[in-house]
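The following pair of complexes shares a single chain, chain A, combined with chain B in the former and chain C in the latter.
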Partner chain A sequence: MISRKQNQTRQRKLSRLAVGWLGLVIVAALWQLLAVTLHTSVFPTFIASLVAAWKVVTSSALRVDIIPSLERTAVGFLISVIIGITAGMIIGHYEVVRDWTSAVVDFMRSLPTPLLVPIAIVIFGINGRMVVATIVSAAIWPILINTANGTSTIEPTMIDTATTYGLRGRTLFWRVVLPAASPQIFAGLRIALSVSLAVMVVAEMLGGGSGIGYFIANAQQSFNIKGSYGGVIVLGCLGWIFDTLFLSFERRLLSWQRGTLGGSFDV
Partner chain B sequence: MSNSILSIRNLRVSIQSRDGSLNEITRDVSLELAPHEFVSIVGPSGSGKTTLLRAASGLRPPNGGTVVFNQMPVTEVPKGLAIVFQEYNKSLFPWLSIFKNVAMGARDCSSHERSERVTKALAQVGLSGFETRYPWELSGGMQQRAALARAMVSDPQILMMDEPFASVDALTRNHLEDVVQKLWDSSTFSALMVTHDVGEAVYLSDRVLVLSARPSTVLAEIKIDLERPRSHFETKQSKRFVELAAEVLEKVEEAGRQSVQGKELI
Partner chain C sequence: MNQVRFAPDQSERPLELTRARLTPRQRRTVRQIGGILVALALWELSSATGAVNSNALVTPLATFGGIISHMTALATALVATLEAWALGISVAVVAGILIGTLVGRSQIADAATETIVRMMRPLPSLALIPIAILIAGLGVRMTAGLVSFAAFWPVFINTRVGVRQVDNTVLETAAVLGLKKLNLLYRVVLPSASPMIASGIQVAISLALVVTVSVELVGGTGGLGEFILLAQQGNEPSVMFGGIIMGGLLGWGISRLFAWIIDRFIPWRTQGIRTNA
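Up next, the complex of A and B:
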């Protein structure tokens, strides 16, 4: 009985996955059809773009551009995670700190990222460090704000309970406040991850010196249209891989949450 | 009374309201709790029962008066004091299994002793077999039993309960009352329970204190001389139970009438 139910769940999941892929195939087919019909050099066909993407990942661009981009995104994201969660917990926990920082945080997070690239170039030069710094300047905010929210809205009863059983100071933070805020923190992390990718591309386009963003901008400027489409496809795949990895990590860590345990709940 | 385990003298608690002014919740409450005594505090809504319990347990400092537990002044929640809160869904940690939640009560023990104690406590509250479940997989009554097991695991000298059965249905409530009674009977701890349910207070207690309306003082103290063990079928039908419950209720209603703001009534 139970196994039949599980079977049904699995089948439903598979069919949903299949439908999702089918949608992708249809979009690709439409792209191909449109490109063939228009027959213009500025809009390559889907297959030509796919071939170009394959060329990108099998050429020296993998080492020169893609891997550096991945490194920058990873480093920028991780720095944002460390600073964002730490600062967010402090801001969320201490009302005084919250009062003092709220205006600064609101101002900083409202700054459009491309605006920061020229400043970062002046400080760091045209290199990977500039890209990392720009990523941090944008990705830190969703993490910080969500962590602060999650920390400040923790149930007082939960803190009372923990205090009763002798949890104080740092232990209280690690064992109670952090797990209690983790669903909100993860929501912030997921946003920050996609922000990191987007900012990486923008920063590299404007002055990365190398990287996938630089590659796309360069290909476009040298009229290598297929190449730039190939870069876009590679970038899309990277984003998808990052998100998938992140979600499986999140599902494992937050498996205690209602509904996610059975595995039938799919985002 | 030097042999009392908990001694509350002239306790005064105020809460700072939003505009910064001090709002007096408890004016003058004194209470001696003897070893293995069961005392309940009842009072109209808004009489500051929860605030009183928080100050008595060391969760918040009082604005006046003293709390002494085991001859030691209470400044933070002392060892040997366990609390069961009304909101079991907020006091159990949702990311921990029932076993790990209950084990929180025995953090100082070796892992072997801890797991023995947890197993025993879960058996006492009838939750054997639910060790690996998460709180949300359990009904409200079961969650509150898990919270009771966690308190028991710490082997308390005093168990404080803040409206422990207010969030469950009537049948579950009867059952939980008997779980608490059995735990208390088979152990040596003293119990201090805050409730607005007169029947529940009379059914479980040796003594019932009635608080006045805010700012509260002790309006009456009623000794409950019902035989133990008590049962829902027999005790609650008995003439004495009905008399005592009526007496307590009368005092609670008197307190309610004193209340300046009528909307603070139950």
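Up next, the complex of A and C:
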């Protein structure tokens, strides 16, 4: 009985997935159709763009542009994670610190980060360090704010109970505060990951010297239009892979809290 | 943020007499202003001592001077940026809510859009700037088009989820009470989905501003982005900083205004959904 029920849910999941991919196929077909009927050079067909994307991945652009971009994104994201979680914990835990910093944090995270690229270029020059600095200046805020929120809204009973059981200091932090705040922290990390990719692209377009953003902009300026589309497809796939990896990592790490909290939806 | 109060720090006791005159809210405001002053002082120090390349970092005072001396140009740039932003965001919000509601109410449409959404969500719309320039040329229409494309996704995704999550009991009750399609939508589905939709719009408005200034920076299509780029190329760091500060104030003002609107019109929006500090 149980196995049949499991089979049924699995089947329903599979059919849902199949319909999902069907939706993608329909969009691709519409793209193809539109491109064939319009027949302009600025809008290549879906298949031509896919071929271009394949060419990007198999050419020297992989080593010259894609890998440096991935490195910059990874380094920028990691720096943001370290600073963001540390500062967020402090800000979330001490109300005084929260009050003192809230106005400045509010301002900084409202600032549209691409505006900082010109300064970053003046300070660091046209190179990968500039891109990393720009990524950090953008990706740090969702992490910091979510960590602070997660830390400051921990159920006081939870802390009190833990204290009564004799947990304090480092143990209290690792066993209670960090796990309790982790769902919020992960939500912030996921936003920060897509922010990192987005900002990486703009920074590279404006002055990365290399990288996938540079590649896309350069392809457009040299009228390699298919290459430009190919670059965007590669980037989209990278974003999708990152997001999927992150979600499975989160699911594994936070498996303990599934079922304890309601309404965790997957979008 | 303010549901939880920590026990007052023991070391602060001696100050309690002077502090007693301030309400907690006033105390917070004082501290916030203090924080801004400290940040300004740190900025002044780091640029005055030359810890960072002084050519890149100007003092707050010089920045203020830059803002004053380029007042009209800055105002024009701000208006241009706001115009493209407003055009793009309004299209995105209308389309996102409309399509999101349709898709969220239909199981098949919902499943069919799943993969597309999962692929488009992390795709940085900013990568499409060169392609948008190719297709639509340089101009407000291109900027607004790209902005609405980018801002569409958060609104659409949240509307879809919000509409999907309406309590079945509520829907059935409304049906029993005789509410028909459109009425049901306006009276029940949309109001109960509105907190989710509001969160989506909140994300969308700041994303839209990021996309707007990015297009202006990359394409040089006027507005704040181009203003800052020109200041950098003209080697006028104080003007460049002035532009950046104005950009921050613009972003801050927009998100404050929207937060106020939400509190005013969607009072049933619970604290738990709010993601900002």
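Assume the second predicted complex is superposed on the first by the 257 of 267 C-alpha atoms of A that agree within 3 Å, B and C clash if a C-alpha of one lies under 4 Å from a C-alpha of the other, contacts with A are read in each partner's own complex, and residues count from 1 in each chain.
Here is the rule we use: a residue touches a chain if its C-beta (ideal position, glycine included) is under 8 Å from a C-beta of that chain, and two chains touch if they have at least 3 such contacts.
Quick caveat, the model's predicted, so the values are computed rather than measured.
In the superposition on chain A, A:249 makes contact with neither chain B nor chain C.
With both structures placed on the common chain, the touch criterion links A:174 to neither chain B nor chain C. Look at A:165: by the touch rule set out above, it reaches chain B but stays clear of chain C.
More chain A residues lie in contact with C than with the other chain of the pair chain B and chain C. Of the two partner chains placed by the overlay, only chain B lies in contact with A:157; chain C stays clear of it. Of the two partner chains placed by superposition, A:54 touches none, neither chain B nor chain C. Once chain A of one complex is fitted onto chain A of the other, the partner contacts of A:205 are limited to chain C, with no touch recorded for chain B. Taken together, the two structures place no residue of chain A in contact with chain B in one case and with chain C in the other.
On the side of chain B, the complex with chain A involves touching residues 54, 57, 59, 76-77, 79, 81-83, 85, 87, 90-91, 93-96, 104-105, 107-108, 134, 136, 150, 154.
Residue ranges on chain C touching chain A, taken from their complex, read 1, 3-6, 9, 27-28, 31-36, 38-39, 52-53, 55-57, 108, 111-131, 133-135, 157-158, 160-161, 165, 206, 209-210, 212-214, 217-218, 224-225, 228-229, 231-232, 237, 240-241, 243-244, 247-249, 251-252, 254-255, 275-277.
Those residues of chain A that touch chain C in the shared complex are 16-17, 19-24, 26-27, 42-43, 93-96, 98-108, 110-119, 121-123, 145-146, 148-149, 152-154, 156, 187, 193-194, 197-202, 205-206, 212-213, 216-217, 219-221, 225, 228-229, 231-232, 235-236, 239-240, 242-244, 263, 265, 267.
In the complex of the two chains, the chain A residues touching chain B come out as 155, 157-158, 160-161, 163-166, 176, 179-180, 182, 256-258, 261.
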